[in-house]
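Each of the next two complexes has subunit A plus one more chain, namely subunit B in the first and subunit C in the second.
Coming up: the complex of A and B.
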C-alpha cells in the first residue's frame, strides 16, 4: 500500500502531462469529425437499401444469391470463394432465425464502427499518445530532470505505462460513447437488446453452427470493447518500447505506423505464408473472431491471437524496462 | 531563505558532500573518463573546468546517475550513487546542460510536477523557491513564454525544491547576457553563504576564477589539477616584469641571480595587453618574495628602476601550460 502511495503522485504527473499536451483533445476532435461522416455514409446506404428492397429479408436474400453467383464463377480465386461461402452460411443463419444483422440503429452502428476501427484507427489513436511518451522527454531534454530526481527509473516507466493504459481505456470508451450519441441522433438510440449471433466455428470453408448462440447486443458490444482494449494495449506496449528505444518522436511514430499498416496489408495476402500468423499486427483483428469472419490465415483462433499478442506485449515490456533502467542518457 | 540555511547547515563542515574516486567511463569502447578523483566539501563552490569535449558533461551525468560509471565510486553525502540512487539523489539538485522544463506546463505546474517526485514538499515550499529565484510574478505563465534567463531560474528553483545539500550546475552562464551572468554569480555566492555546496562546470576560465573556491581542471578525461584558485596560480609560473633605466645593465644583474629566469619575448604567457606601453620590459620567472632584495641590489649598483610588476598568471595561462601540446577542442 505504501508503494502505491509513492506511485500515485507519479501516475498523476504522467496523466497530467498527456492531458496538458492536448493529445487527447485532438483524438476527441478527430472522433467528432469522423463519426458524423461515417454516420452520414451509413445513412445514405440505408436510404438506397430502402429504395431497392422491400425489407431487410429481401435484401439478405438478394445478397446471398449474389454471393452464390460469385461462387459459381470459375474466374474467382479459391480464397475469395472461401470467405464468401462462409458469409453465405452466416447470412443464411441470420435469415433462418429471423434476425437482421444490419439493423439501422445507434448500437448496431457503434458495434460495426468499433470492429472496423480495430486494425487501423484505434492503433493510430494509441500511437498518437504512446509514441512520444518517452522519446518526447528525450527530445525535449526533460528526461534529464525526470531521471535525476530521487525516484527509481522503473517507477517512472511504470507510472507512464499506467497513465497510458488509462488513456487507452478512455479512448475506447469515449469512441463508443460518441459513436452511440452521434449515430443515435440519426438512427435512433435503440438496439441494446437486439440478438447477435456469435460462436461461429470456421472449419475450412464451412461454418460449424453447433456452438452458435444469440447474445444481446449490449453484451456483444461489451465483449467487443474488451477485445479492442486487448488489441489496443498490445499496440500501446509495443509503441512504448519503440518510444524507449528510439529517441526521436518522429522516428518512433513512423516505425510503429509502418508496423501496424504492414500488418494490415499482410493479413490480406498471407493465406499461403503461414508463419506470418506470428506477426503481432496480423493478430490485431480480435473482433473478427467474435463476428465469425474467417481469420487471415487458416488455423488462427481467438486463443492463438491472444497468446501471440500477450507474447509480444510481455516481450516489449521486458525490453522497455530493461533498456529504460539500464541505459545511459547521453543526449 | 532562512529555511535553506538551517537545513544546509546540518552537516559537519569537513564532510565531503561529493566524493568521486577513480571513476572511469568507456562509451562504445572509447575511454571518455580516465580515472577521475576529487571531492567537494560542504559549503564550498567547486569549479569543474575544461574545454568542450574534455568529458565534463559525461562526468556530471555520472554524478546524477544519468550515466553509470564503468568503474570507480561516486558518493553524495556518503551514499553510493550506483547502489542507493534514491538516497543519494535526494541530496542533489541539478541542471544538466540546458535548463529543461515542460514548455506546455506553467512554471508552477513544472515545480509541482517535480515536487510530487519527492517527499515533504508542499505548496509553501514551491512559493518559497519561486521567490528565491525571483520568478514569483510569472510563475503561473506557460514556460514556452519564458526567456532563457527565466528558464534558467526555473531550473534553479526546481533544483532547490528538495532542499538539497549539493547543487550541480552545468555551464550555468551559457546563453546569459552579461547582466544575467553577474546576477547568477551573486546568486551562487549567496547560496554558498547559506551553506549549500555548489558544483559548477564551465569552459570559461574567467567564470570559474570569479565564482569558485576550489577548482578541478579536466582535459581529455583526466583531472590535471585540483586545488584552490590561489594554490593553482601559485604553482604556476609567476612572472615579474622589470623596467630599468639602463636595460642592459639590468639584464646582466638579473641574469646573474640564481632562481631568476629570464623569459624570452615569445615564450611567456602574459596577456599582451598588459605589456603594451612597457618599453624594453624584462620578463622573468621568479618568486615575488625576492623582489625587494633585488630592488635593493639594483639601487646599490646604481641601476635606476622604472617599474616592477608582479603578474599572477590567469587561469587561462595556467590551463594552457597544463594542457601543453594537447589540442583544445
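Coming up: the complex of A and C.
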C-alpha cells in the first residue's frame, strides 16, 4: 500500500504531463475531422444503394452474385478467391437468416469504423502519445532532473507506462463515442439491439457455421473495442521500448510507423511466407477473428495472435525496464 | 470557464480512464470467452416475403421490375460497354412504357452457370426467391454452358468453346430435364411475372465442321419451348437466326458471346414479346 502511495503521485504527474503536451487534443481534433469525412462517404454509398436497390436483400443478393462472378474467373489469384468464397458464405448466412449486415445506423457505422481503424489508425494515435514519452525527456534534457529525484528508476518508467495505458483506453472509448455521436446524427442513433453473427469457423476456403450465433450489436461493439484495446496496448508497449532505446523522438516515431505499416502490408501478401505470422504487426487485426474474416496467414487463430502479442509485449517491457534502469545518462 | 486545478483534472482523467479500461477489459473478456468457447445457437430471423406484383398487362401495373438470372449471356459477357441485353432491355421498356416506372430489380447472372446449379439456387437460395418474387418481368438464359464445354472467365482472343457433336447430343436430355426443374421452380416462386427465356444459338455456325451442331441446338430450343408452353405467362425468344449469316456482325471477339449489337437485337426481341 505504501508503494502505491508513492507511485500514485508519479502517475498523476505523468498523466498531467501528457495532458499538458496537448497531444490528446490533437487526437480528438483528428477524430473530429476524420469521422465526418467517413460519415459523408458512407452517406453517399447509402444514397447510391437506395437508388439502385429496393431492399437491402436485393443489394446483398447482388453482392453475392458479383462475388460469384469473380470466383468464376480464371484470372483472379486463388488467394483472392479464398477470401471471396468465405465472404459469399457469410453473406449468404446473413441473407438466409434475414439479418442485414450493413444496416445504415450509427452503431453499425461505429462498428465498421473501429474494425477498419485497428491496423493503422489506432496504432498511429497511440504512437502520437507514446513515442516521445521517454525520448522526449532526452530531447528536452529533462531526463536528468527526472532521474535525480529520490525515486527508483523503475517506478518512473512504470508510472509513465500506466499513464500511457490510461490514455490508450481513453483514445478508444473517445473514438467510439465520437463516432457514434457524429455518424448517428446522419444515420440515426439506433442499432444497439441488431443481431450480428459471430463464430464463423474458417476451414480452408469454406466456412463452418455450426458455432455461429447471433449477439446484439452493443455486445459486439464492446467485444470489438476490448480486442482493439489489447491490440493498441501491445503497440503502446512496443513504442515505449523504442522510445527508451532511441533518444530522438522523430526516430522513435519513424521506427514504430515503419513497423506498423510494414505489418499491414505484409498481412496482405504473406500467404506463402508462413513464419511472418510471428511478426507482431501481422497480428494486430484481432477484430477479424470476431468478424470471421480469414486471417492473413492460414492457421492463425485468436489464441495464437494473443500469445504472439503477449510475447512481444512482455519482451519489450523487459527490455524497456532493463535499459531504463541501467543506462547512463551522459550528455 | 474556470481552468481546472491540476488535482481536479487528474481526478477527471484518472477516473474516466479507469472506467474506460474496465469497460474495455470486460469487452475483451467477453470476446475471448465467446471465441474460445463458442456455442452454436440457432437464430430465426423474421421471414420477409415480398408481395407478388399483380399479373396482367404491364402498362396497367404500378411499375415494372425486371429480375434477370442465368449465365454469362445475361451477365453481358462480350459486350464492351458492359450493358448486355438486360440493361438495354430496361432502356427499351422505358421507351415502350413512358408512363410507368421501369427498373432493374437484380441481375443475378453468374458467368459459367449451368442448369444444375441454377436449379439448385432456385430451390434453396432465399435471395433468389426474394428477388424473383418482386419482379413482374423475369428474363433468363441457361443451357449454353451445359451444351458447350466452355472455359469460364473468358479472356479476349482465347478460344473458349470446344464443340464435340456427340457429346452435345448426349448432354441434351439431361440438360432438358434440369431445365424442366428450373421452369417448374420459377413458376412456383412467381406465377404472375412474365417470364422470357432467351433461346440458344450456335456460335460455331461459321465453322463448317461444327455447323450441324445447330440441329442439336434447335432440338434444345424446341423442347425448351414445349416446357415453357405449359405456362401461359412464359415464352421464349429465338436468337439462332441472328448468329447465322450475320454472325460476324453480332458475335464478340471471343467467338462465343454476342457483342453489344448482338445483345441489342436480343433486347429488342424481348421487349417486343412483352405486353
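We adopt the following convention: the second predicted complex is superposed on the first by the 331 of 331 C-alpha atoms of A that agree within 3 Å, B and C clash if a C-alpha of one lies under 4 Å from a C-alpha of the other, contacts with A are read in each partner's own complex, and residues count from 1 in each chain.
Basically, a residue touches a chain if its C-beta (ideal position, glycine included) is under 8 Å from a C-beta of that chain, and two chains touch if they have at least 3 such contacts.
Given the structure is predicted, the values throughout are model-derived calculations rather than measurements.
Visitor: Since both structures carry subunit A, what do subunit B and subunit C do when superposed there: clash or fit?
Guide: Partners fit side by side after overlay.
Visitor: Taking the superposition as given, does A:266 touch the first partner, subunit B, the second, subunit C, both, or neither?
Guide: neither
Visitor: Which of the two partners, first being subunit B and second being subunit C, lies in contact with A:317: first, second, both, or neither?
Guide: neither
Visitor: Which touches a greater number of subunit A residues, subunit B or subunit C?
Guide: The partner making contact with more of subunit A's residues is C.
Visitor: Taking the C-alpha centre of subunit A as the vertex, compute the angle to the C-alpha centres of subunit B and subunit C, in steps of 10 degrees.
Guide: If I round to tens, I get 160 degrees.
Visitor: Touch check for A:21: first (subunit B), second (subunit C), both, or neither?
Guide: The first partner, subunit B, only.
Visitor: Go through the superposed model and pick first if A:12 touches only subunit B, second if only subunit C, both, or neither.
Guide: After superposing on A, A:12 lies in contact with both subunit B and subunit C.
Visitor: Once chain A of both complexes is superposed, is A:257 in touch with subunit B (first), subunit C (second), both, or neither?
Guide: So A:257 meets neither subunit B nor subunit C here.
Visitor: Tell me which partner A:214 touches in the superposition: subunit B (first), subunit C (second), both or neither.
Guide: Touch partner of A:214: subunit C, not subunit B.
Visitor: So in the superposed three-chain picture, is A:65 touching just subunit B, just subunit C, both, or none of them (first/second/both/neither)?
Guide: A:65: touches subunit C, not subunit B.
Visitor: Could you look at A:144 and tell me whether it touches subunit B, subunit C, both or neither (first, second, both, neither)?
Guide: first
Visitor: Can you report the least C-alpha distance between subunit B and subunit C in the superposed arrangement, rounded to whole Å?
Guide: Subunit B and subunit C, overlaid via chain A, are at closest 9 Å apart by C-alpha.
Visitor: After overlaying the two complexes on chain A, where does the subunit B footprint on subunit A coincide with the subunit C footprint?
Guide: 12, 16
Visitor: Give every residue of subunit A touching subunit C within the complex, in rising order.
Guide: 11-12, 15-16, 19, 53-55, 57-58, 60-62, 64-65, 68-69, 72-76, 92, 95-99, 165-167, 169-170, 172-173, 195, 197-199, 201, 209-215, 219, 222-230, 289-290, 302-303, 306
Visitor: Along subunit B, where are the residues that touch subunit A in the complex?
Guide: The touching residues are 27, 61, 64-68, 85-90, 92, 94, 96-98, 100-105, 109, 113-114, 116-118, 158, 162.
Visitor: Can you list the subunit C residues touching subunit A in their complex?
Guide: Answer in residue numbers: 6, 9-10, 13-14, 16-18, 20-21, 23-32, 34-36, 38-41, 43-48, 50, 65, 75, 103, 105-112, 125-128, 130-131, 134, 151-153, 155.
Visitor: Considering the complex alone, what residue numbers of subunit A touch subunit B?
Guide: Residues 9-10, 12-13, 16-17, 20-22, 140-142, 144-152, 326, 328-330 of subunit A touch subunit B in their complex.
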